[in-house]
Amino acid sequence: MSGRRARIPVVTGMGVVAPGGLGIGPFWDLMSNGRTATRRVTLFDPEGFRCQVAAECDFDPVALGLTPQEVRRMDRVAQMAVVASREALADSGLVLDDVPPDRVAVAIGNAVGNTIMMEQEYAVVSDGGRKWLTDWEYAVPYSYNYMVPSSLAAEIAVGVGAEGPVSVVSTGCTSGLDAVGYAARLIEEGSADVVVCGAADAPISPITMACFDALRATTPNNSDPGHACRPFDRQRDGIVLGEGAAVFVMEEREHARRRMAAERAVLLGYAGRANAYHMTGLKEDGRELSVAIDTALADAGVDVSQVDYINAHGSGTRQNDRHETAAVKRSFRHRAREVPMSSVKSMIGHSLGAIGAIEVAASILAIEHDLVPPTANLEHADPECDLDYVPNTARETPVDVVLSVGSGFGGFQTAVVLGAGEAVPA
Amino acid sequence: MSRVVVTGLGVLAPNGNGTDDYWSNTLAGKSGIAPISLYDASRYPCTLAGEVPGFDAEVRVPGKLRAQTDHMTHLALAATEAALADAQADPAAFGEYEMGVVTANSSGGTVFGQRELEKLWSKGPEHVGAYMAVAWFYAATTGQISIRHKMRGPCGVLVAEQAGGLDAIGHAVRQVRREGLRLIVTGGTDASLSPAGLTAQLTTGLLSHRSDPHRAYLPFDRAAAGYVPGQGGAVLLLEDYGSAVKRGAPRLYGEIAGYAAGFDPGSRHVLPRVIVKALTAAGAGPDDVDVVFADALGDFAADRQEARALRELFGPRGVPVTAPKTMTGRLYAGGGPLDVASALLAIRDQVIPPTVNVADPVPGDELDLVLGEPRPAPVRTALVVARGFGGFCTAIVVRALP
Amino acid sequence: MSTFTLENLKEIMQSCADQDSNPVDLSRNFLDVPFKELDFDSLAVLEIATRVQQEIGVRISDDAVAEMTTPQAVLDYVNRESVA
């Protein structure tokens, strides 16, 4: 019910850095062909780790136009965010010199900060973990940028010249969706006309892999990396870590229209709830996620009958996929089996805070192409997961409204509703 | 737009374990800045910090929770209990979706993180514990508060270094209004004083290297030489005004009347603009402001920039300015919320807390600094300013209820 | 491999749960009481598994962890590993 809102947030540009394809074109090529980008870890030697697979980006910051100083100053996560933000701005055609800088905001989702450089710096100042009392003289000048995730938002803000509200939104694995939702609120309430929003994470480092090993949340099956992530499959056995970024230029609709910008999508609705149950555990009934879905649909003024595609969280853990299936059944009732629902994590892994934004990008492309990306590696039906997960092959079908959901550590449950952009009035 | 009021405060600061303790020490000018006791800091150029005195996690945080959380979350859990008690708010008496949590964090569970990194690097990946993943990340505190008190409404976490605490409060107000919440827990606590955490902080060049606790952190002083880091912060309980009155909340400290945020890439006009926006949101003008709780970084250039902004908006010596954080050090994401708590207590008691140790203010600033002694004054509206490393700028206006 | 005793397990359980405010009674026969009933949630059991892993110096498989539903099951696992 967009008419209820005086100021409507629309997406006019986007940029993606994802495993298997940098940029919107290669990203969608991977999605629409159902290829997987999971492989044995190359960013560090994974020998000795329980899980040795991940979905990595072939990311060369220099080739992508970052200067040597930018490369030194920024962790991989910030580099990815900046590259994605540049693609998004170019895609939007927005000339920021034409916008008052205090009307431009930044909201970037991120779960685990500048992990790679933070850990490398730790290793140096502790001399490989030998010293509790670190040698401060060995710290490089940008160590603090690696310690605080806010540096990520600051880099983007400086890059685009934003002087409005700038923040990192950090709700673990729902950060990407929550950052997009936060950006929509800034536009609706009038705090900004343009929000450069999205998310980035680059967690493929020894400490993050070790954390997930300890939780036994990642797959222990290293024998077939290309088929390691198996959401909704009976043989699923855990997540595969990923990395990447997706950044959007979100604008107030009239602002976009004044400059004749094409709307890629409309942010129709958003809601978050918490399960207040457990930091990592999920109740089987999916109740709070279902409430988030219901609330986001109500916020959008959209009925379940209007949803054409559900972009699932589908992390590929036993409990998540069961939980999510239950939530969708609660919210969609008799329609639950009729709506195609897929997990792109099967192809590009779970990039923690980034994935929600990358999934929003996939959802927008699904609307634009009337094509639902598949759930790859779905070969064995699971009686606990009995919805239409679009196994292995993308499906052509009209897509106007997408529900994208996320669920994460801390108990956060988030739902975003996206709609097709309106044509620019002649 | 509905009024959002503060009904409960939970303070854990280097100069006060608990709101009353903090406030009486602050009015008495008692500082909590002292040599670091958490580890042998003698080898570091920064040897002072503000540590929360006598905070016993074993008493304040239930065992199971304590083992799986970092000290930053211990402080937040204890401060939340205190804020709920202060407001006589029993979460069980609210609908589960009528309550939410929004906190700020700056750098995660630094002490817990360093311990687990040490295990990984010295012994191997199989030595990293299962609790690390939920203890270290920035969302840990919000998640644990939500779980502990069964708050299932919208929850959030914002990170904007030292400005983030005010952003969290601003977002909490938004959530009450936009999502129709009756109650929300907000604010922030940080505890980033592990050796590795301090090592990274040192690289900003903003930490004071002085070893005399009375001379180390001197914002707006000619002898300013950086700041002293601290741990702790404040948790605030916010409620919808109508709902708070209806349930008979024992005290309405005041309302969060205005909030605005901006980003300053190095220009001089952003901070004044953010302040004006916050005042406008509150329906107020500079003349309405009775006291400013300054960001007061203690860095020469940043102090001049803030002084200039305040001079431009309020006129030379146009408004009392204070920085009680000279008694606590800078608490990262916890600093802004603590200043908001102080502002509300200043409104309650009609007294402005002092800035300590500053003896030689830069004359050109023309600030009316409240130095050394608390100043009794009519306080109805207070402005709180916070800035974060990299360019974050936030302001909040708090006001007495009519 | 160093020997792993009942006392080691008790120590690990105490530190994982840190349950001084509501201590688990480890004087009685607790060995066959499911972890859940001892107020150890799934996360706490994973933490116990990590600490046992550190003690015995062998990575414990996911299947073995899944079977560690009681303290006795942990001891049984360690004993099996020691013999093997």
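By written order: A, B and C. Residues from 1 in each chain.
To be clear about the criterion, a residue touches a chain if its C-beta (ideal position, glycine included) is under 8 Å from a C-beta of that chain, and two chains touch if they have at least 3 such contacts.
Protein identities per chain, from UniProt: A = Beta-ACP synthase; B = Actinorhodin polyketide putative beta-ketoacyl synthase 2; C = Actinorhodin polyketide synthase.
Computed from a predicted structure; not experimentally measured.
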If each protein chain is taken as a node and each touching pair as an edge, is the resulting graph a line, ring, star, complete or other?
-> complete
Taking contacts as defined above, which has more of them, A-C or A-B?
-> A-B
Take the average of all CA coordinates in subunit B, do the same for subunit C, and state the distance between these two points in whole angstrom.
-> 40
Where subunit A and subunit C are represented by their mean Cα positions, the distance between them in whole Å = 37
Distance between the centres, which are taken as Cα means, of subunit B and subunit A, whole angstrom | 30
Residue ranges of subunit C touching at least 2 other chains are 43, 46-47, 50, 59
For subunit A, residues contacting two or more additional chains = 50, 214-215, 278-280
Among the residues of subunit B, pick out those that touch two or more other chains and give their numbers.
-> 68, 123, 126, 128-130, 134
In their complex, what parts of subunit C are in touch with subunit B?
-> 15-23, 39, 43-44, 46-47, 49-51, 53-54, 59
Complex contact set, residues of subunit A against subunit C = 50, 214-216, 220, 237, 278-281
Listed in rising order, subunit B residues that touch subunit C in their complex are 58, 62-64, 66-68, 123, 126-131, 134
Footprint of subunit A on subunit C - complex, ascending | 41-43, 46-47, 50, 59, 61-62, 65
Within their complex, subunit B touches subunit A through residues 39-40, 43-45, 68, 96-97, 100-101, 105-108, 110, 114, 116-126, 128-130, 132-134, 136-140, 142-144, 146-147, 149-161, 164, 167, 171, 174, 178, 192, 195-204, 260-265, 267, 270, 273, 388-392
